[in-house]
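There are structures below to look over.
Below, chain A partners chain B and then partners chain C, in two separate complexes.
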Partner chain A sequence: MSEAASVYSVDKVLLVAIRDNITDTDIINLQEDLSERIVNEAARGVVIDIAALEIVDTFVGRILAQLSSISRLLAAETYIVGMRPAVAMTLVELGMDLPGSKTALSLSHALRALKAKGLA
Partner chain B sequence: MTAAPTTEVSRLLSEDFDGVLDAWFATQKRDGVRRPDLFSDRESRRQLSELLRTFSEALGRIDISEPVDIDTEAWSELRMALSEITLVRTERGVAPWEMTAFMLALKQPVFEKLSEGLANTPERLLAEASDFGRVVDAFAMHINEHFIAERDEIIERQRAEMMELSTPVVQLWERVLTIPLIGTLDSMRAQEVMENLLNSIVEHSAEVVIVDITGVRVVDTQVAQHLLRTAAAVRLMGAEAIISGISPKIAQTMVELGVDVGEVTTRPSIRAALDEAFRRVGFRISRVEDTRV
Partner chain C sequence: MNGAPAQPAARVELRRERDVAAARLAVSRAMDALGARALRKTRFITAVSEIARNALEHGGGGVMEIYNLERPRRIMIRCRDEGPGIADIDQAMVDGFSTARSMGKGLGGARRLVAAFRIESRPGAGTTIEMEADP
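After this line comes the complex of A and B, so read on.
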């Protein structure tokens, strides 16, 4: 598992906490790791907590969008939660408003949404 | 600092101080910049005499045949006196040009007195008159600069105040925020609006924010773009934005401009938006049983 992110499995939901010092390699590893675990554990929901991320660039933005698309193909719904205001502004500035990704204020909001859909 | 050479100007100011003062005063009267409606004769004379006295003292220290730089330490007292007199006069409504003319009115009487005193040495007369002229010009310019600086400061302060006033985020209900936009929405304000809004979302854990544009006068493509970007950022934070206050006219303009709001919810009034917001956060407003007859 990559050093800069932790993945926990709770019921049928994978909780991913991304740390601030994540590198490009880490995030690519995370993408692979996560794809496999979604299939292996038959996860129906993925929650990516990026509250620790203080800086994003187009690369991180693209990977976040990809993670959502990959999970959707593997029948899991992804929520990106805890985005900081500065990060949101940067992403919008970069024109990456992640149209395919679902977002929520916090982990509990995302879990509530997944429960409401019977995915958690 | 070495003592400045004695000049006819400094001699004039020390020996005929009241004469110069009277002449300056008379010239201002003649030029119509005395403003007797704003200042009594006594008050005006006090101001002039204060300024002239400071100038006279400065002449004892500074050789004005050298280039004059009024921003140096040697002139600090005079600068202060100038600033003070400018402040006092402008506060009562004296116009910038009047203030400049007020200062320049010192030239003519001094020139006249110089030409009397130095009638026998025309070369010295020319040199001293030119030096004195330069100094008075420098004073007049300083007054002007002071004016501009003061005005810039006021403009800057008002701009900051307006910025603060113009982006208030209000909590309407649990998890529901609103930001009523008023006036024009340029890039700078749009940035301010976005920042305030996103920070408030974190602060209040808001799930729905209503961006009300009832008070926005003009919605062009740029304003629409700012609004949609704000909505996109709000969504990234995990909340939802509702744009309210879209008048029939604005709706038509937006369509004519080809603005596509995409997934963003819009409502014609803040009332309709609040209704929608309540629905999303799971509240309902219902009428209590009517106890009135």
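After this line comes the complex of A and C, so read on.
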């Protein structure tokens, strides 16, 4: 796994904690690694915690949105959790409101939503 | 372009991808030193990230200097590259304009996120961008 994030697999859900100040290559590698793991581990859900990210620029925002689309095609549902308020405000101003990505306030909110759908 | 102090507070070479992360970190520290508010810091560092990536990808690398301005008390960055330059700046500032793998929101987005934005570019003579943020 790349050094961009720690990934834990619990009950068919991949829990991903992205570390701060990642490079473009780090996050592209993470996208590849996660896509492989969704299939290899038959994951039904992916929860990406971005609480450590001080900023999400247009590049990282695009990769996060793509990750949601990729996992949907691989039959897993993705939640982005832990977004800082300042990051949300900045993303909206950039015109990137991550259409197609589900968000939740925290990891436990996301897990509850996945459980309610029988995915965790 | 502007009356910046002669000596930058910090200077980051933009040669490799990791240098974009280094530029973000350097600006983050400079804003912490000024006691900047969280939202202003997030907005400015996001803008810094966009233009540092542009300098690397379109400008073939460059340098970012960080200045502390006195009146008004602000952070200023100057990002220079010696790339091909931008033929039509007005067009490049429009959301959706892209010549590379970006979404084309970077340059116009950066301008919306900062207190002052100046760009100077000529085909063949590189691009210089200055941006300022209040603390």
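Please note the rule applied: the second predicted complex is superposed on the first by the 120 of 120 C-alpha atoms of A that agree within 3 Å, B and C clash if a C-alpha of one lies under 4 Å from a C-alpha of the other, contacts with A are read in each partner's own complex, and residues count from 1 in each chain.
Please note the rule applied: contacts are C-beta pairs under 8 Å (C-beta built on N, C-alpha and C of every residue); 3 or more make two chains touch, one makes a residue touch a chain.
Since this is a predicted model, take the numbers as computed values, not measurements.
Following the overlay on chain A, a side-by-side fit with no clash is recorded for the pair chain B and chain C. In the overlay built on the shared chain, the residue A:103 is in contact with chain B alone; chain C does not reach it. Touch criterion met: A:56 reaches chain C, while chain B stays clear of it. In the superposition on chain A, no contact is made by A:39 with either chain B or chain C.
Of the two partner chains placed around the shared chain by superposition, chain B and chain C are both touched by A:89. Taking Cα centres throughout, chain A sits at the apex of an angle toward chain B and chain C that amounts to 50 degrees, reported as a multiple of 10. In the superposition on chain A, contact is made by A:81 with chain B only, not with chain C. The superposed arrangement places chain B and chain C with a least CA-CA distance of 8 Å.
Of the residues of chain A, those at positions 84-85, 87, 89 touch chain B in one of the two structures and chain C in the other.
Contacts from chain B toward chain A in the complex involve residues 194-195, 198-199, 201-202, 205-207, 229, 232-239, 263. Chain A meets chain C in the complex at residues 21-25, 54-59, 62, 84-87, 89-90, 93-96. Put simply, chain C touches chain A in their complex at residues 17-18, 20-21, 24-25, 28, 38-39, 41-43, 45-46, 49-50, 53, 95, 102-103, 105-106, 109, 112-113. Against chain B, in their complex, chain A makes its touches with residues 79-85, 87-89, 91-92, 97-99, 103-106, 109-110.
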